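I'd like to ask some things about the structure below.
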Amino acid sequence: MSTRVTVWHEYRHEKKNPKVAEIYPKGMHEAIASHLRNNKDLQVKTATLDEVDHGLGGDLLDNTDVIVWWGHVAHGDVKDEIVNKVHERVLQGMGIVVLHSGHFSKIFKKLMGTTCDLKWREDDNEREILWVTRPGHPIVEGIDDHFILPNEEMYGEYFDIPEPECTWMMSSFTGGEVFRSGCTWTRGAGKVVYFRPGHETFPTYYDKNVLKIIENAVKWAAPSAGSVAHTFGNRKMGWVDEK
Amino acid sequence: MSTRVTVWHEYRHEKKNPKVAEIYPKGMHEAIASHLRNNKDLQVKTATLDEVDHGLGGDLLDNTDVIVWWGHVAHGDVKDEIVNKVHERVLQGMGIVVLHSGHFSKIFKKLMGTTCDLKWREDDNEREILWVTRPGHPIVEGIDDHFILPNEEMYGEYFDIPEPECTWMMSSFTGGEVFRSGCTWTRGAGKVVYFRPGHETFPTYYDKNVLKIIENAVKWAAPSAGSVAHTFGNRKMGWVDEK
Amino acid sequence: MSTRVTVWHEYRHEKKNPKVAEIYPKGMHEAIASHLRNNKDLQVKTATLDEVDHGLGGDLLDNTDVIVWWGHVAHGDVKDEIVNKVHERVLQGMGIVVLHSGHFSKIFKKLMGTTCDLKWREDDNEREILWVTRPGHPIVEGIDDHFILPNEEMYGEYFDIPEPECTWMMSSFTGGEVFRSGCTWTRGAGKVVYFRPGHETFPTYYDKNVLKIIENAVKWAAPSAGSVAHTFGNRKMGWVDEK
Amino acid sequence: MSTRVTVWHEYRHEKKNPKVAEIYPKGMHEAIASHLRNNKDLQVKTATLDEVDHGLGGDLLDNTDVIVWWGHVAHGDVKDEIVNKVHERVLQGMGIVVLHSGHFSKIFKKLMGTTCDLKWREDDNEREILWVTRPGHPIVEGIDDHFILPNEEMYGEYFDIPEPECTWMMSSFTGGEVFRSGCTWTRGAGKVVYFRPGHETFPTYYDKNVLKIIENAVKWAAPSAGSVAHTFGNRKMGWVDEK
């Protein structure tokens, strides 16, 4: 049974910044999607901000099991009605994998209930070391106890998120900062993943460890096949003896 | 050092329903506030929906350490700008104690990131038994391992909330339902408490156990006196060696 | 890829109590195992207390992905060296599904770090209603928002366990008690499940909902196929630049 | 109302290693205890391994609200009966603050249910930067968003602990490792704190930030004054209507 994945991308940097366009000629979403397509259990689509309804209209969300989300400079351009639809779908069971600067997206802040703010720095000499802090978690399947990204943007604590249900990866940076780089939460029936790396000016989404983790996260966040809808609202006294 | 408490109340039922007005002639907020005023470490104010800015304007919120919140029929009448101010203050460290039907308030849903929906029933023969599930927690200080409310509205699971950091009380009802009646979360520097009992047609806010728990919750949710502001944003490489 | 399951059972009641023997002529372990064997992705073995090394010797544990554990009157007869081996295997990634009176087993107490004590009552008129409190969780796949066991032993809070990472099921009983009946924790790389029902004098392990949940729990608790061993101990300065 | 603190120390390094003795002429326990004694709300005692019953005999534990624990080379010399008594007292509500190499103590492993293993390195050029990851938590009251220890032993992830209920501090080290340096859990009615710094060959327990955090942790881990004992065991049907 395959998992239907939609990779959503802001897709603005590539159009304006030649450096980004050179690294990701088809956009960051295609770098991610093309990796996911190698997994025959995944059905992969992409959607971007400047499409009609941000590419998320019609029944696409209803037919999406897991959405991957990258945004940065245009969080404010995402329409609230679309954010609300994504939010509703997550509570119903659709998984969401929020990447890097997606920490400031409307949908992530709405799911977290906090500012999701952090410290940051762009520096050409910043090295990120990512450490596994929950070996055995399906999201770090096949990942060594650490891996290194030679160049990345720094994100530093305090990261204003609710205490994660699981912190499965933490980073250190050249400058001495630390960050909870891999976290999960549950909202309603939906699983929420945050994974830190992916600054647009570095080829992070070609790194085999990063891609493997995104792929693992998509599989982990997929809804259970046989989920039963829960019910809310008014109920009569005596229901239990009428059965 | 005293804790500054604001008891916020929708205060609509009392004005329209004679049954509620008879039980709470000065409003439910006064029943709660008058109990809290017995504690000399607490400075207690009240605020209600139909006051200017819902009684929460000026610098009141900036001078509130813990807010208690009861609402039911008029959640939609609470202005978003006030909700946002309360939210911001919670993230800065102001505690919030959400009571009963406040589960559907804008502020609680914004803090939780979920629908906060549930099952419910009003029945004159509903008895609630509340069980302590985290003995030793400061919020259940002085409370026996259970207590009984002879008449209450039923709330039943599934309660659509993020997994609580601590579930310190659970209820059973005559009809056979169960509910997580006492829960806590952290959002930013602020502590969030949900406590279930308090339907407007029953004298719940005169019950000594209920009042004791609200008082304990207010004390527990108060911010640390010496909290240091955290910082976000851009930082230079090399900061650590410049010190 | 199949999951290797070992259903471990104390298997003493059936030998001494005719009522239990009548309900479970081949033992409770066989009632559970025979259901699991219907799932072709599971390879199912059983082991019992009075076998050599409690049936867990040789390399059985090394070749077990998930162990199911039921014990009651003879927890003290389980040898510490076997308990330690099970514990070690859980930390390495073997899942464990602890059932009913297994709450007082050496292995569960060792994993929890607490007494795991609770309230209880055997009464012929006790009905248990089990409510789903985390819809969408793989362990409650295919389960309605509640189900009823017409006769069960009562377990009541306070249940002395560490705060669960997820509480996916809660029960109410005829007597008015409540209980966290479905809980999960992580210990090392291993997943730990507790599931309440299963008193020996009732035919609980023939109930389709109970069996479905045990089957789901076994699948959920299975280790990731591609887990990478983590390392501990002394490391040199400068390792990162030597790569 | 004062909190009764017992600072327990292995006190072996100081007797054998002149370097340690020079830094801590009266022992590490005295460095910590003498700071705590400045707080008039704390009644401070010390106890050490080589005293009778490790200094924890008689009714000392029954009259201790919070115990601070430092051990390293002699964890195995601590008698199991004393460990069990400390464990029992924690479940009853006594707080415990485990420091540095106490991560491998019998009592911490018993409370956690895991190996509590980690990576480590002693190097004269190791600098630890400790970052606050839960601003507003009482344990980091008065602490800036980070502080630096110019020389410390490195501890690195994976740290084999159950997912903390709150991770309020994380460290980075010169070598690029990260560590969850400040964590809390609840076990029964007792609060458990782990705080990383404190290698015996460095003057860490004279650092004002480290001392402030230990003092805060002691205050936070103290039991509630009015805790009510919980009950376990058999209960009759019909109790609720007999009231």
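Should a chain be cited, it is by its letter among A, B, C and D, assigned in written order, with residues numbered from 1 in that chain.
Basically, a contact is a pair of C-beta atoms (placed from the backbone, for glycine too) under 8 Å apart; a residue touches a chain by one contact, two chains touch by 3 or more.
What you see is a predicted model; the values in this text were computed from it and never measured.
K.L.:
Chains in contact with subunit A and with subunit C: which ones?
P.N.:
Expected: B, D.
K.L.:
Measuring between mean CA coordinates, which chain is farthest from subunit C?
P.N.:
B
K.L.:
If subunit C and subunit D share one sequence, what is the angle of the rotation that overlays their CA atoms, in steps of 5 degrees?
P.N.:
180
K.L.:
Between subunit B and subunit D, what's the gap in Å when you average each chain's C-alpha atoms?
P.N.:
Comparing mean C-alpha positions, subunit D is 32 Å from subunit B.
K.L.:
Counting in whole Å, what is the centre-to-centre distance of subunit B and subunit C, each centre being its mean C-alpha position?
P.N.:
36
K.L.:
Which subunit D residues touch at least two other chains?
P.N.:
Answer for subunit D, listing residues that touch two or more other chains: 127, 129, 132, 134-135, 145, 156, 158, 163, 165-166, 176-177, 186, 188, 230-231, 240.
K.L.:
In graph terms, with chains as vertices and touches as edges, which category applies: line, ring, star, complete, or other?
P.N.:
Graph shape, chains as nodes and touching pairs as edges: complete.
K.L.:
Under the touch definition given earlier, write down the residues of subunit A that touch subunit D in their complex.
P.N.:
129, 131-135, 145, 156-159, 163, 165-167, 170-173, 176-178, 180
K.L.:
Can you list the subunit A residues touching subunit B in their complex?
P.N.:
Per the touch definition, subunit A meets subunit B at residues 91, 110-115, 117-121, 123, 125-126, 156, 158, 160, 162-163, 165, 174-177, 185-188, 230-240.
K.L.:
Quick check: in the complex, which residue numbers of subunit B touch subunit D?
P.N.:
Of all residues in subunit B, those touching subunit D are 93, 127, 129, 132, 134-138, 140-145, 148, 165-166, 186, 188-190, 223-231, 240, 243.
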